[in-house]
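Both complexes below contain chain A, partnered by chain B and then by chain C.
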Partner chain A sequence: MNLLTQPVAIQGIGCVGAFGRGAAAFVEAMQRGTTAPQYHDDLHGDGSAYFPAFLATTDGLDDYVPKRALRRLDHYSRLALLGGCLALDDAGISADQRDRIGVIVASGYGASATTFGFLDSVLDDGDHCASPTAFSNSVHNVAGAYLSMQLGIHGPNLTLSQFEMSVSAAIYNAVCWLQQGRVDTVLVGGVDEHCAVLNYCYRRYFAEEIEPQRIEPFAFNRQTAIPGEGAAFLVLSRDPKKSRYGYIDAICAGHVEQRAESVIQRSPILLGADGHRNSGQWYQRCVGNPKTSCSAVYGSLPSGQAFDLVAAALMVRDQQCHAACDRIEEAAQIRQITSIKCASDGQFGAVRVSRWSGKGR
Partner chain B sequence: MTTKEKLKQILVEDLNLEDITPEEIEDDEPLFGEGLGLDSLDAVELVVLVQKHFGVEIKDMEEGRPALQSINTLAAFIEDKQE
Partner chain C sequence: MVNRIAVTGIGCLCAAGNTLDEAIASMLAGERHGSAPRRFTTTHADTFPVFSIAGEFDDVSDRDMLRTSRLGLAAAHQALAQSGWSLETLKSLRVGVCMGTTVGSAMNNEAFYSDYRQGANPSMTPIDRFLASNPAAVISRHYGFNGPTQTIVNACSSGTDAIGLGAAWINAGLCDVVLAGGADELCRTTYNGFASLQISSSVLCRPFDRSRCGLNLGEGAGVLVLESEASHRRRKIEAQGFVLGYGSGTDGWHLTAPHPEGRGLKQALAEALAVSRVRVEQLAFVNTHGTGTRDNDRVESLVLGECLSGLPFHSTKGYTGHTLGAAGAIEAAFVLGFLQRGQMPASAGFENMDEDLGAVPVTSVTPFDATMALSESLAFGGNNAVLIFERGEVS
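Here is the complex of A and B:
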């Protein structure tokens, strides 16, 4: 792991997923071990549901943003906005304290439902009748734009899409901004949504597989992924005194074959394994025996590492492993935990969260 | 359904005006600014919606500005073009 010369403080967290919204709902679901996936018949024109999914709602977003201001936002942007609002609220950053905040959003799929809906409208009615609002909502950085506009954030704004590596790349950029002094605070997180096309793809790609009833993150050689959607955000600060959930004090990325030993260490490891066999093999090589995972709670999505980082922050704050773990020593007091996400090609991104930022961490 | 009723329904449903019902929109209420509170992005969306639902094209600002004043003016424009 590459130790940061200046660890960054985790000041706030926010998340929304099939488990509900907020830290309490997330912890409760982790301790329960899973969230029930759902079938949504309205996902398809023929009324069929092809695959279970962990679906999220954005109820309560109008507690933070006026309903009228939300009318152009699709589900994808609403997920991101709710995650961001919860994180800023948790960090205690009010509307008049947002001068030197940056926004970084990571997404693997982007606004997939709106994108495919827009393309369908072009096919159905011709490009002259395509909705300009749907087009503007179909670009990947729309969620970041709405976060800045609706929350009055005027700092730099960046959207990263590198499929499963999106979140670790976003954290790396956030740390760079903070260390350079470009901003004092960064609202950074991940968002992905489920849609009919993705649902159809799951059924087609995994047609020969037994339909999973739950994600089994440690069954590395089996396909047990169930798609999920949601958003998870962290508020990171340069000021160590603002830490409420510990610090990000080390990051690491590369290919498992070249750098796997660099993430094998004494601290517990929070695996981003989410039931996909093609990435499961790399987790097995990366860390040997399984450690802990909470993907069964939020589902399989490219930006799932954002949920893992929120989970890591909560575990470090509470000094307790909330997620299911297979070895008794993992349940001991958590003072440090490393989130690892592997891609199907063996690339990995690792981020360590520690309770302390000083020497000897 | 009359042109005016259909227009009001389109405004509420396609522009996602969740805080108002079609029946609450007055025929002579200004669509933009102080009236219904629509903005320039809504104007572009409305041009596309009129073409999609009524087959009527608003070609430029010269046509659009007077037509997009209210439900009354927009309905009159549509019915005039459809004749």
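Here is the complex of A and C:
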């Protein structure tokens, strides 16, 4: 692991998913062990049934942003905006305290429903009738743009799309920005939305599999993924006194075959395993450590590690493993936990959250 | 930026040429290769010219992947070859890959989606290809690198941001070497999108000209090999140039229009100048974003007048088209190439000054003596990014 010379403080968290919104709902769902996926009665165009999915609503967003300002926002941007608002609110950062804040949004697929909505306008009415509104809202950085516009944040603004590695990369950048003093605070998180085409892809790719009833993250050799959607954000600060959930004190990325040993240390590991067999083999390399996972609560989505980091922050704050555990020692007090996310090609990103910063951590 | 970062390899391919040397020679000769799209057709009443890569380019991998990723890989291949690094050595280091794109991250295969809508049981090959084509992951996987990878999707500032953030990874000690840049292909969806916004020009673009009427799209890739100054000195490799500073700022104003007073751009400029400790008068020239749209050029002219007054400037979009997520990286390669040669090409397409702008780019090949230059990118979403470069040790 790359130990950070200046650990960054976790000042606030915010999340929205099928489990609900906010830390309390997330903890409750983790302790329950799962969230119930939703089943559609609809059929895809070829007659196949919809795959179950964990779907999120953005009820309550107008507590933070005027309804009028939300008119043109699609579901993807609303998810990100709600996650970001919850995190800033939790961090106690009011509208007049947003001078030196940066924004980093990680997403696997971006505004996928709006992207296909743009194609609808072309396919339905011809090239000359392509929808400018759908096009401008389909760019990947649309959520970051709305976070800036609606929340008055004018610092550096970055959007990353690296499939499962998106969130890990986002944390790398957040750490850089804070260490180099570009900003004092970073609102960093992940967002992905579910849409009909993604659902269809699940149906097609896993047509031969038994349809899962729940995600089984530790069944590495079985396909149990259920797609999810949502947003999860952290507010990170360079001021150690602002820590309310511990610190990010080490990060690492690379290929499991070459660098996994550097991740496997004493701290428990929060696996990002989300029921996909093709990445499961890489998680097996981490089996030697106490491990836990909360993917059964939020679903399978590329930016799922953002939820894991929120979960890690909550576990470190509460010194308690809220999520599903596969071994008894995980019930021990959590003072440090490492979130690890693997991609199907063996790339991984790891982020360690510790209760303490500085010597002796 | 705490320390300057050495650029030890440059890869570049675009409509102006399939290598940096070819492209610079072509631009200095004033060649413009815009034409109707060759790889797709549309039903628009007008044809909007585009700038396509000429012929075949060096296809580094035979894996099935998006053209965007093949372009990025080709640029990475050029850059690595020049850098003098052996792959064996790189595999023992923390090598990051940081690429910008727009098309390369969009799951928007029109044929697949059309078939899906019609219930036609489409082949999953386009989705497989998309999932295997993340531009940064493709490069990292192809060379077996062992470090962080990220694909930046900040729309049209992505390439500039990728280089700035890749340099930051080295400064922060998170990587030993970073391949940073951008790649984008011409795409029917993007073509239709810009047409829908009514900012595509039906003639070759005219950045900063009174009669400018929009942009032309382009395609290409640029990749720089970045490492610390200590590393390049240890290897006794001549630097192609140096990254001195990076800054970014956000308009927080509108999804597709820049802030009328250039709020985010000014912020990006101020940051880049501050961290590089470069004074405006030390700069040889400014590479503007210069797309040729009414709004972009107006705001850039305003900011040039207020913050970079008196500096020669140009836009290279008239030679390459707007390559979106690749633009900042391709233009970074150009800036380094121009610094090496001590001259910059004319701003293609400019003929008549717009009195409302009061800004005149260079209209002929222009020599200069200074050793530093600045490049700026503006993007949908209100993203603005600036890089400052210094001439390297290669002449």
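The rule we apply is simple: the second predicted complex is superposed on the first by the 346 of 361 C-alpha atoms of A that agree within 3 Å, B and C clash if a C-alpha of one lies under 4 Å from a C-alpha of the other, contacts with A are read in each partner's own complex, and residues count from 1 in each chain.
Note that in this section a contact is a pair of C-beta atoms (placed from the backbone, for glycine too) under 8 Å apart; a residue touches a chain by one contact, two chains touch by 3 or more.
Note that the structure is predicted; figures quoted are calculated from it, not measured.
Q: In the superposed arrangement, which partner chain does A:135 touch: chain B (first), chain C (second), both, or neither?
A: Only chain C; A:135 stays clear of chain B.
Q: Touching A:285 in the superposition: chain B (first), chain C (second), both, neither?
A: In the superposed model, A:285 contacts neither chain B nor chain C.
Q: Under the stated touch criterion, which partner chain does A:335 make contact with: chain B (first), chain C (second), both, or neither?
A: Touch status of A:335: no partner.
Q: For A:125 in the superposed arrangement: first (chain B), second (chain C), both or neither?
A: first
Q: Taking the superposition on A as described, I'd like to know which of chain B and chain C A:100 touches: first, second, both or neither.
A: neither
Q: For chain A, which side has the bigger count of touched residues, chain B or chain C?
A: Between chain B and chain C, the winner on chain A residue contacts is C.
Q: Applying the document's definition of touch, where does A:214 land relative to chain B and chain C: first, second, both, or neither?
A: A:214 sits against neither chain B nor chain C.
Q: Just to be sure I read the superposition right, which of the two partners does A:68 touch: chain B = first, chain C = second, or both, or neither?
A: A:68 sits against chain B, while chain C stays out of touch.
Q: Same chain A residues contacting chain B and chain C, which ones?
A: 128, 130-132
Q: How about chain A: which of its residues touch chain B in the complex?
A: Per the touch definition, chain A meets chain B at residues 67-68, 71-72, 125, 128-133.
Q: Give the list of chain B residues in touch with chain A in this complex.
A: 15-19, 37, 41, 44-45, 48, 51-52
Q: Using the touch definition up top, name the residues of chain C that touch chain A in the complex.
A: Residues 2, 42-45, 94, 102, 105-108, 110, 113-114, 116-121, 124, 127, 131, 134, 136-137, 140-141, 144, 146-155, 161, 165, 168-169, 171-174, 189, 192-198, 248-256, 263-264, 267, 271, 379-383.
Q: In their complex, what parts of chain A are in touch with chain C?
A: Its residues touching chain C are 2, 5, 44-47, 103, 107, 109-110, 112, 115-116, 118-120, 122-123, 126-128, 130-132, 135-142, 144-145, 148-149, 152-163, 165-166, 168-169, 172-173, 175-177, 179-180, 182, 197, 200-201, 204-205, 251, 253-255, 258-259, 343, 345, 347, 349.
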